[in-house]
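Each of the next two complexes has chain A plus one more chain, namely chain B in the first and chain C in the second.
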Partner chain A sequence: MLEPLRFRGGGFVIEPKRHAGWIAGFAVIALWQAVSSAGWVSPVFLPSPAGIARALADLALSGQLWRHLSASLRRILLGFALGASAGLAFGLALGLLSHARAAGLPIVSALFPIPKIALLPLFILWFGIGEPSKVATIGLGVFFPMAIATFSGVDQVPRALIRMAQGFDVPTSAIVAKVILPGALPGILAGVRISASIALILVVAAEMIGAEFGVGAFILTAGNLMRTEDLLAGVCLLSLLGLAVGALVSLAERRFLAWR
Partner chain B sequence: MRPIWIAAAAMLALTLPAQAEKTSLSVLKLASSGPVFLAQDLGHFAAEGLEVEFKFFTAAQPVAVAVVSGDAEFGVTGLTAGFYNLAGKGALKIIAGQSREEPGYKLSAYMVSNQAFAAGVTSPADFAGRSFAMTQVGSTFHYMIGLLAEKKGFDIGKMRLLALQSIPNMVSALQGGQADTAILPSTVAVPMLDRGDAKIVGWAGDETPWQLGALFTSPKMIDGKRATVERFVRAYKKGVAAYDLAFQKKGDQAATDKALDILSKYTEQQRGAIAAGLPYIEPEARFSAKDIAKQIAYWQAQGHADKTVDARDIVVTRFVRSLD
Partner chain C sequence: MRLIVEEVGHRYGALEVLDGLSFTVAEGEILAVIGPSGCGKSTLLGILGGLLRPTTGRMLTEGAPPAGCLNPFTYVFQDFALLPWRSVAGNVAFALEHHPLGTAERARRVAEVLATTGLAEFAGALPKQLSGGMRQRVGIARALAVTPAVLLLDEPLSALDAQTRELLIEEFLALWLRHRTTAVYVTHNLDEALRIADRICVLSRRPGRVREIVEVDVARGERDPARLAPLRQRLWRLIQDEARAADRETQGLLRA
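Right after this comes the complex of A and B.
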């Protein structure tokens, strides 16, 4: 007598849990506020969420919020656009051309691990205290992860697809545009996600030197003035920017990778 | 018990009170910290039964933070907006004076880049509307340009204030002409002038005297270890008196030489450089509470200090009398 086999599949499937993230976030903030309200930690060492919210509200009401945000966004967008497009072009060259790969890959590997923040004083000598040195810091930080993501994205396009297109005698330019680029797009978008976060990290470093406005300058000034509420309010702004960037990249993935 | 043990125990009991109490001081390796170095080296702390461990920092901010975090029991350094924000939250109390900007004491120089000098910025009054390099927002340099603007009647809002985070960055910005003006300590300013890298057009002490530095501690120390604070301040005042005798009264050349040697040892600077940039320190370590209230009011007006900060809560005149 055979018993029907019990279904053993299932599990290990990540299902979307829409509310869990919000609930966890609120629980952490509520606990933090409770600890602060009870007076267990001094506001000097850890300001309360309410204090941080008040600092954010003050910033928004004074009109300074937009001034800081717009200054940082301009630097991030410009630096990211320059760095990412150069990285994309360089990564494509690394992926497609043998000579470029042989010559370029060691250079990328040698320069990528250099902390861009350490080069900041040099950038000031080259580009001055103004905007160019800040944009260059962000641009250079974005360039390398973008180049590497593009290069490995191109490398991971299935050879069979390329061979098939070649079998149909499709011209090389069309193979690049219609097979390799779409095939490399998941890798490239992953690169965009990482390098956009790096741009957010670097804007704080870039605004260390001589910036009057900007989220990074605001955070540094708050640190200099020992205003921990403002400092964490600025950090919250950066986190929100990070979330926004992540959402934008997800949107792009849904839009451009629908064919998968 | 044998008599010999009793005798030994009695001797131990006698030696115990003489054992030095350990305390700590956060401090910068600058000539302005001279009194504490003198008090240490001349044995004034030891005479009060204190064994002081120095914790050295490179900027005023960490000196104050170290006292708040409990890493040091006392601190002595320049007064910044960050200091007042910490003090306003009930974390710091000023108990004695340190350096002051005074006429005739060449401590902080008004500096102009060669390019800006050629373009007509030849006196402190010409700083109006120019770019100004400083270390940080809320720093002593920031306050001094604010005082200058107030005295000369120009609008600091029309200047471009560049926070460059460090003195070396300020030097290179001034050299390269990326900043028109700056205020720099004489130890940095004079060598720059000698190399022809920038011009000195005046001294902050001559234009705008003010209470630059202070000795401070945490409220916990004042409430819990009042006797220790009293002994520390007594020894500190002897250090200040030694500083005054050596550098301000200047009657005793041997004392001056010895004090210069001590300062040179602790600050790791050449005797000549120290002698050229010695600040004024009130001979009885007194400070101006009125000036501190003025500083707080200025930072509040600029939006750099919290509105709740009150000078009366920060200044303690129990150990050393106020000047005013």
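Right after this comes the complex of A and C.
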């Protein structure tokens, strides 16, 4: 008697579903709006999506949105630029020089786990309550993940490529520039992704102390005044900021890591 | 360029890998080096090209490198060692960029070796887009671009399938016949060595010593399996016991 062979493969494959993300997002917002419109929760405890959108629009029209956003962006950009470039240089040294690694890695390991916001009071004592203490907190928070990402990125460059370059008498500086840095770029960009989100966390925290403008200051004020619509409008801004940064890093990955 | 190896020995810490090797590679010959796995073939090649410092002994050369030579000792690697972020032409140019050549001369060299290796139409392709055989052609093109005095080939075909290996042996020999560059060809494949080499240096198991240097006394055009059979028999007898012992040695190490 003939019997068909039983199929037992398949499954365990994640396929892209294009519209599911949008649909799910809209469904959550629609449900939320329905609950608010039905009057089941007080708008003070949970403002409706429409209310939050209105608050955002008011903010944009009054010019306050840009004022807070630009203050936060300036701090993030400055802190990130300083921390990331220092972290990159330090990570490169950890990756390339035996002495730097032996001396530097224990220090990095000891300082990396400290929540950098705990150092903000100290930075305020050192630099005053203005911009420098906030930028320093962000810079320090970005420095360590960048240093670690760069260092492990350098470690992941295949030794065979370095030997090849030496076999063609390529000078050391050119090996660093043309073999090690491009080879470490996937690790470095992963570090940028992580440290950008750390910068976002730290800017909000830092702005909750002694800042007039900035998304963090805005959220704190809104919370103190029980203006929860404004509070969640600020949170939405942060979410959009995070998404934008993520998209930017993805763009850089597509552009510079197409060879993978 | 003639290459003289004098009493070269090497150890990694307590592990002795090579023990007093002496031989010469004549100008314009291909010397194949075969031996059981772990006998220090790659270490020897590293020493020959100046990437590893021998623990004992020394290396000497005699004669001038060919005109236009940029990198006297040039490797072709088993894993190709291509920069994955550079195109085929970019990988070849990588070997030239630090030499004061001028843009036109650099472009000329790149175009020439890409043409001779049949890669001209792939100049803009990335390594990930190429088959293993094409990748090794890039490795060979890159080596030829610097007009080497001595080619050091480290199991160049071991990562390829049998058919591709066959194609590349033919191509490599055709290229080699044009310039007759002195070459050291490390392999664990007896048939490859018999096809390519003028002489075959048989190494013992670790620590590697020269067991015998065998001349392949059949002209390259007449090397069919039947003609090579007696020589192959003789070489296999030389290697057989060593290979068996090396095989068991490795297993012993794993158990410990």
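In this section, the second predicted complex is superposed on the first by the 244 of 260 C-alpha atoms of A that agree within 3 Å, B and C clash if a C-alpha of one lies under 4 Å from a C-alpha of the other, contacts with A are read in each partner's own complex, and residues count from 1 in each chain.
Here, a contact is a pair of C-beta atoms (placed from the backbone, for glycine too) under 8 Å apart; a residue touches a chain by one contact, two chains touch by 3 or more.
These numbers come from a predicted model, not from an experiment.
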In the superposed arrangement, which partner chain does A:L161 touch: chain B (first), chain C (second), both, or neither?
-> second
After superposition on the shared chain, which partner residues are touched by A:R101: those of chain B (first), chain C (second), both, or neither?
-> neither
Mind working out whether A:L225 is in touch with chain B, chain C, both or neither, as first, second, both or neither?
-> first
Touching A:R74, do we find chain B (first), chain C (second), both, or neither?
-> neither
Can A:P43 be said to touch chain B (first), chain C (second), both, or neither?
-> first
Based on the superposed arrangement, let me know which partner A:W259 touches: chain B (first), chain C (second), both, or neither?
-> second
Touching partner for A:I124 - first (chain B), second (chain C), both, neither | first
Scan A:I209 for contacts with chain B and chain C and give back first, second, both or neither.
-> first
Regarding the shared-chain residue A:A174, is it in contact with chain B (first), chain C (second), both, or neither?
-> second
Touching chain B in the complex: which residues of chain A?
-> 42-44, 121, 124-125, 128-129, 208-212, 217, 220-221, 224-227
Across the complex, what residues on chain C touch chain A?
-> 49, 51, 71, 73-75, 77, 79, 81, 83-86, 94-95, 97-98, 126-128, 142, 146
Residue numbers on chain B that touch chain A, as the complex places them = 61, 64-65, 68, 80-83, 85-86, 89, 91, 133, 136-139, 160-165, 169, 172-173, 176, 178-179, 304-306
Per the touch rule above, chain A residues touching chain C in the complex are 158, 160-161, 163-171, 174, 178-179, 182-183, 258-260
